[in-house]
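What follows is a structure written as structure tokens; I'll ask about it next.
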Amino acid sequence: MSGAIRVGVLGSKGKVGQAIVAGVQAAADTEFTVGVDFGEDLAAFVESNTQVVVDFTHPDAVMDNLKFLIDNGIHAVVGTTGFTQERLAQVRDWVAAAPGTGVLIAPNFAIGAILSMYFAEKAAPYFDSVEIVELHHPHKADAPSGTAGRTAQLVAAARAEAGCAPMPDATSTGLEGARGADVDGVRVHSVRLAGLVAHQEVLMGTQGETLTIRHDSMDRTSFVPGVLLGVREIAGHPGLTVGLDKFMDL
Amino acid sequence: MSGAIRVGVLGSKGKVGQAIVAGVQAAADTEFTVGVDFGEDLAAFVESNTQVVVDFTHPDAVMDNLKFLIDNGIHAVVGTTGFTQERLAQVRDWVAAAPGTGVLIAPNFAIGAILSMYFAEKAAPYFDSVEIVELHHPHKADAPSGTAGRTAQLVAAARAEAGCAPMPDATSTGLEGARGADVDGVRVHSVRLAGLVAHQEVLMGTQGETLTIRHDSMDRTSFVPGVLLGVREIAGHPGLTVGLDKFMDL
Amino acid sequence: MSGAIRVGVLGSKGKVGQAIVAGVQAAADTEFTVGVDFGEDLAAFVESNTQVVVDFTHPDAVMDNLKFLIDNGIHAVVGTTGFTQERLAQVRDWVAAAPGTGVLIAPNFAIGAILSMYFAEKAAPYFDSVEIVELHHPHKADAPSGTAGRTAQLVAAARAEAGCAPMPDATSTGLEGARGADVDGVRVHSVRLAGLVAHQEVLMGTQGETLTIRHDSMDRTSFVPGVLLGVREIAGHPGLTVGLDKFMDL
Amino acid sequence: MSGAIRVGVLGSKGKVGQAIVAGVQAAADTEFTVGVDFGEDLAAFVESNTQVVVDFTHPDAVMDNLKFLIDNGIHAVVGTTGFTQERLAQVRDWVAAAPGTGVLIAPNFAIGAILSMYFAEKAAPYFDSVEIVELHHPHKADAPSGTAGRTAQLVAAARAEAGCAPMPDATSTGLEGARGADVDGVRVHSVRLAGLVAHQEVLMGTQGETLTIRHDSMDRTSFVPGVLLGVREIAGHPGLTVGLDKFMDL
């Protein structure tokens, strides 16, 4: 018997699920056991001795899935959305009753995006100015993106904590919107361009120098390395963890 | 006697003038004759057999300077601002009476900026989307920059001429200003950041690919190569020329 | 009957062919007639009143395809490789005998790449330094890329023609390879990185400023807009045309 | 009496020294006391109640300067080069005998460069590929730059420590130098371009995404914010500290 981690996938036939299955199959240290899709029996995970299940399904289904997995001592790596404080508290209660079982719930599995936010937060207090430019395909409905808004909030909080002065800005005349949206004092600009996928730049500047942290998502499978990281680390982190960054050495 | 072009400078002791004098002295094919500053006698250019005079002075002084230079058959390369249609007509009359004498009046001598605008105009009709991000030091008063506004107008006109469809943009929810300023249908975003000088990106995208034209001005002497280009070409272009692009093989 | 251009596709079931069919179907001014794949009868194009056929097939098949299309007065837009001078001469003979029929053979249909090369060639003589950085996925076998090599040659030729001085470079000590490959005096650097697709930057600099032309191919369908441009223009360009740039207003 | 930190400058009339004096004068929480240049008496620092002295002088002078400052209980922030292990040991002995006095010796005061290296080291183990592109003015003698070489070493060490697999690279044919220099398995590319100052990109990629950390030094005063950071923190860090990063919350 190999030492590979035995991984099952919920929603394995959807686009996201297929990419995860392919990623699990391609990695040297993970082994794909079984996929369970809508309407199928979760017992397949138990029968196949699955150690970790990845759940990118639907808010309506994820709580039942987690109850089953935790009851059976199977670790869960979850990208499904819709986790309120109430839901998190419920999951925390369940895992408390299942010592050794781990659940990771993360809003974002793109390692580059997580590092980008973390570095922006760390660096922001050392610069006079910080602005964010996010660039996406033109089918996106919201501007700015959720990631850009969240990054701006982290930057603003880090600067407030460090007692930074307000950013310099002598703009006195101009066109409406030129200076972007204001998120807690951090300017955020949203570019929408055919041909792009999902990209973000955090620009930071002080006297004579700038530091730019740029994240480019080139395709929809960029969450796969993060999911695999979660799969590898979950057994070593029993209980509920929120955010993949907790599994990274930051 | 050397074959170098004999070049004089008006306003030679100002910051801009000093950079031009240094540029003329450093180039192998130009020779600095004399500088004339506020209150000094223009006759020095005649006495020194100056062939071309560079004028980066003041709107109050430039017309008298040009009258003198044209009357004496000396070519002029002019970066001074404030040329109305009336002033241009006046200069055109003067040079008509001085066959062989050339005057170049240009709002912008940064070769990179001129090429950037020209390329944006050429390329824009071939893409579904075009947006502009301009980035400057935080002491700048206007947003967007004049160059970005002008670039957006050129892009919009080129697309209208080619019969391009409106750019795709599904934004339906968001924060005010996130999508930038609207200049004739082209979105323009203005970043203001300590440490920056003057920078501009024109982003163009279509299915599966993007083309970005970026211009970076790193210091205030970036007009020097353009002034030297004007100095070299002016003798071959008698009459009034407006815009350095007319001397370029575009 | 609509005024849309009636377009057929050779090799319609391959990856490239499928993307072209989808592009033809999605565009408002083109209509997909029929696809013909390996072993199927080309007569389907005649029977369906196809006006333009797109051929992205194989060097072994393309000459027979072209003979048939030209004989039947059907325009051809060809992305298949392997055209030697002999083959081009043969096609030129065929179309000479079929007045009004157009054939476009192009090595590259990515509009951004074509513009990128054209702009690099135009701009290069106005700068002291030009270097190229190309960035691709790590499965690529050649370094530098063919496009980067070709761009460097165009830049070098344009600079030679304009009588530019050699580029400044004071490097006197360092590690082997740090300064990249030398293509006709132009330095070319090849980055290979997981997550990338196909990207190229042409960097040009002179005193105080730089101009960067960046092309990003985000996915394998970036040739579609160029193919559609060829399809729209071919009827207006009878005879043989080599290179999509000939159909662009450059 | 104000609560501002009283700061003196050694080598105050050199280019670097002048920028430091200007920075100390411009900051709200620091006050310039006195500058001491080559051949002048260090006693001026004592007489002026200087609390911190900044030393960007010469390897031949710096040890005598430090002996004097430490003996007089004045903190030192040092950018002078040439510190061997022997010299550092000597300084460590001196400060051991002067409790409460702090000495900071740092090879690099550009905050952006320090953060750039730190982030590259942190992020590198999470990506399949890491390469470095550094871009400088063409008067630079060494390629790659010292910072790029050091960054590559840090990246390589972090990846070795984390047990990362070798980076994927299918290059089998190409031109010599195209793939850059090899520094401990990390590819480093050196661009030399007129108009540039000092710039560096660390590119990291994994499936479907890339993270880029870019540092731009726009002018030679980019060390000033780092020197001021050192000045503000030194009183709280008695003893010898090597590296400005030790004063940052990383």
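Per-chain residue numbering starts at 1, and chain names A, B, C and D are given in the order in which the chains are listed.
We take it that contacts are C-beta pairs under 8 Å (C-beta built on N, C-alpha and C of every residue); 3 or more make two chains touch, one makes a residue touch a chain.
Small disclaimer: the values here were computed from a predicted structure and weren't measured.
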Those chains which touch chain D and also touch chain C: A, B
Maximum centroid distance from chain A, chain identifier (CA atoms): B
Fraction-based call for chain C against chain A, same above half, different below: same
CA centroid of chain A to CA centroid of chain D, Å: 33
Whole-Å gap separating chain A and chain C, where each centre is the average of the chain's CA atoms: 38
Centre-to-centre distance between chain B and chain A (centres being mean Cα positions), rounded to whole Å: 46
Residues of chain A engaged with two or more neighbouring chains: 127, 195-196, 204, 206-210, 216, 218-219, 222
Overall pattern in which the protein chains touch one another (line/ring/star/complete/other): complete
List of chain C residues in touch with chain A within their complex: 195-197, 216, 218-219, 222
In the complex with chain B, residue positions of chain A that touch it: 127-129, 131, 133, 135, 138-144, 149, 167-183, 187-196, 203-210
Residues of chain D defined as touching chain A within the complex: 23, 110-113, 115-116, 119, 122-123, 125-127, 204, 206-225, 229, 248-250
